[in-house]
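One structure, pasted below without further comment.
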Amino acid sequence: MDPAIDTRVRASFAKQSMMETLGAKVIALGEGRCTIRSSIPPGARQQQGFGHAGLTFSVGDSAAGYAALTCMGLDSEVVTSEIKINLLAPAVGEYLLAEGRVIRPGRRLITVQSEVWAVTGETRKQIAVLLGTMVPVPLTTPG
Amino acid sequence: MDPAIDTRVRASFAKQSMMETLGAKVIALGEGRCTIRSSIPPGARQQQGFGHAGLTFSVGDSAAGYAALTCMGLDSEVVTSEIKINLLAPAVGEYLLAEGRVIRPGRRLITVQSEVWAVTGETRKQIAVLLGTMVPVPLTTPG
Amino acid sequence: MDPAIDTRVRASFAKQSMMETLGAKVIALGEGRCTIRSSIPPGARQQQGFGHAGLTFSVGDSAAGYAALTCMGLDSEVVTSEIKINLLAPAVGEYLLAEGRVIRPGRRLITVQSEVWAVTGETRKQIAVLLGTMVPVPLTTPG
Amino acid sequence: MDPAIDTRVRASFAKQSMMETLGAKVIALGEGRCTIRSSIPPGARQQQGFGHAGLTFSVGDSAAGYAALTCMGLDSEVVTSEIKINLLAPAVGEYLLAEGRVIRPGRRLITVQSEVWAVTGETRKQIAVLLGTMVPVPLTTPG
């Protein structure tokens, strides 16, 4: 993958304050692929004390979005058009891993999928799967 | 609606630390209906500075979930089984409103829908629609 | 609504052989709205003898698609990009009604929703809700 | 896989008249997996002459449903609770292949996924991906 794309994805990710709030980082990046690792912060819980669906969604959605962004030219951003999440198990563990990948790159629409895992020690359990569509938008440069 | 259900929903909501992190409150509640008002906090933005899809999802999902909870007995919680969001416009404005409602109550599955709006002054613009399924789980009482 | 759009939608619908196979007809059409009535033909059943999910999907999808088409110029077709169906009750009755409507018209993406009802005498029961995205494609003229 | 399950799935499939209408057959079956091959019949087209979204949906949905059924006891059926389809390319070719698989088996909910391919000679092109939820229902015995 072009190093400029790696730089570009990480610069965009760094601007997503939501990712910082959730303690999330990009830990792997390849063509059409992005893996995010996230904490399950005390401030992102649901009523039973597990991670909120919105936490699992956020990291799954961002992993899918940045997987899509690796397929775009350097003058585009992507935004989520629609995405569906099926929740498989509670978000409980030491941290979450979200693996996003592009199913079908397109000029107008990029179909994406993510799996999200909760990790405790050597064990990982799948907690969600997401299927959605990203759309390119022009990169707006400030100034 | 039974006042005990109102109390119950608000007690559950108060335990969702994610809602506090996002500056979200229940502002209306009825049988099969729940409205949440949320800020667009600096810590919940995407790369362009708009609210993250995960913010819009979180308030839409919680509004749908608590709409479902109003239809359940006092010994149940609900959790999201699956939900899909279509994002219609950027999350930009003074605050968000999410209106959740039950489409079909069921013993095993509750079908739900939410609309999310961004509000600026007198103007509100729909930014998302969600369609999903909530499932009842036993209320776990501590101690 | 421009009568030319009415003509255009009905001409496109008439070319969908799937609609004829399912005994489906457009019975109402307005700006951003389309209602389809369909039989529950013996050849479109699932294993319990009810209408197949594919029948309910097909009429819900076509109602949504033609609702979208009423918002397009005369030189475009629309195709389904993605759509989700929540099935609420078995497809059993005298006939089905699918009411599609546009939630958000757009130049590149049209967000749509459908409700599908099973009708028996004076009674109608909602059997499905669909939420999806239509995309315009150029109208290809033969010859 | 228990041969009784193979028999059971094929008996259920044989009762889906929709599958016969679409020229669809189960061509492979394993634990949590089901592959269906379907024609693209003249009576299941959309307005451009390609296979209707309802055709692609029907075979993808049935492949997912029968994948789920392989994980159930012999006294249950499954029905689709909800399913989402992302359409990737037109349904054009000699025939369709739908590969369904179980992502997470459960007692109350079975999460499933399908890929659908259009095949022409040696070439196959993915035309759709589906993600959904199946729910068990008691097997009703006639008589």
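Annotations
We call the chains A, B, C and D, going by the order they appear; numbering starts again at 1 in every chain.
Just so we're on the same page, a residue touches a chain if its C-beta (ideal position, glycine included) is under 8 Å from a C-beta of that chain, and two chains touch if they have at least 3 such contacts.
Quick caveat, the model's predicted, so the values are computed rather than measured.
Among the other chains, the CA centroid farthest from that of chain A is the one of C. In terms of C-beta pairs in contact, A-B outnumbers the other of A-B and A-C. Note: centroid distance chain A to chain B, computed from Cα atoms, is 21 Å.
Chain centres here are Cα means. That of chain B falls 29 Å from that of chain C.
Note: centroid distance chain A to chain C, computed from Cα atoms, is 33 Å. For chain A, residues that reach two or more other chains under the stated contact definition are 81-82, 84, 86, 133.
Interface residues of chain A facing chain D in the complex, by the touch rule stated above, are 84, 86, 88-89, 103-104, 111, 113, 126, 129, 131-133.
Those residues of chain B that touch chain A in the complex are listed here as 12-13, 15-18, 20-22, 42-49, 52-55, 57-58, 61-62, 77, 79-87, 90, 140.
Taken together, the chain D residues at the contact with chain B in this complex read 81-82, 84, 108-109, 133, 135.
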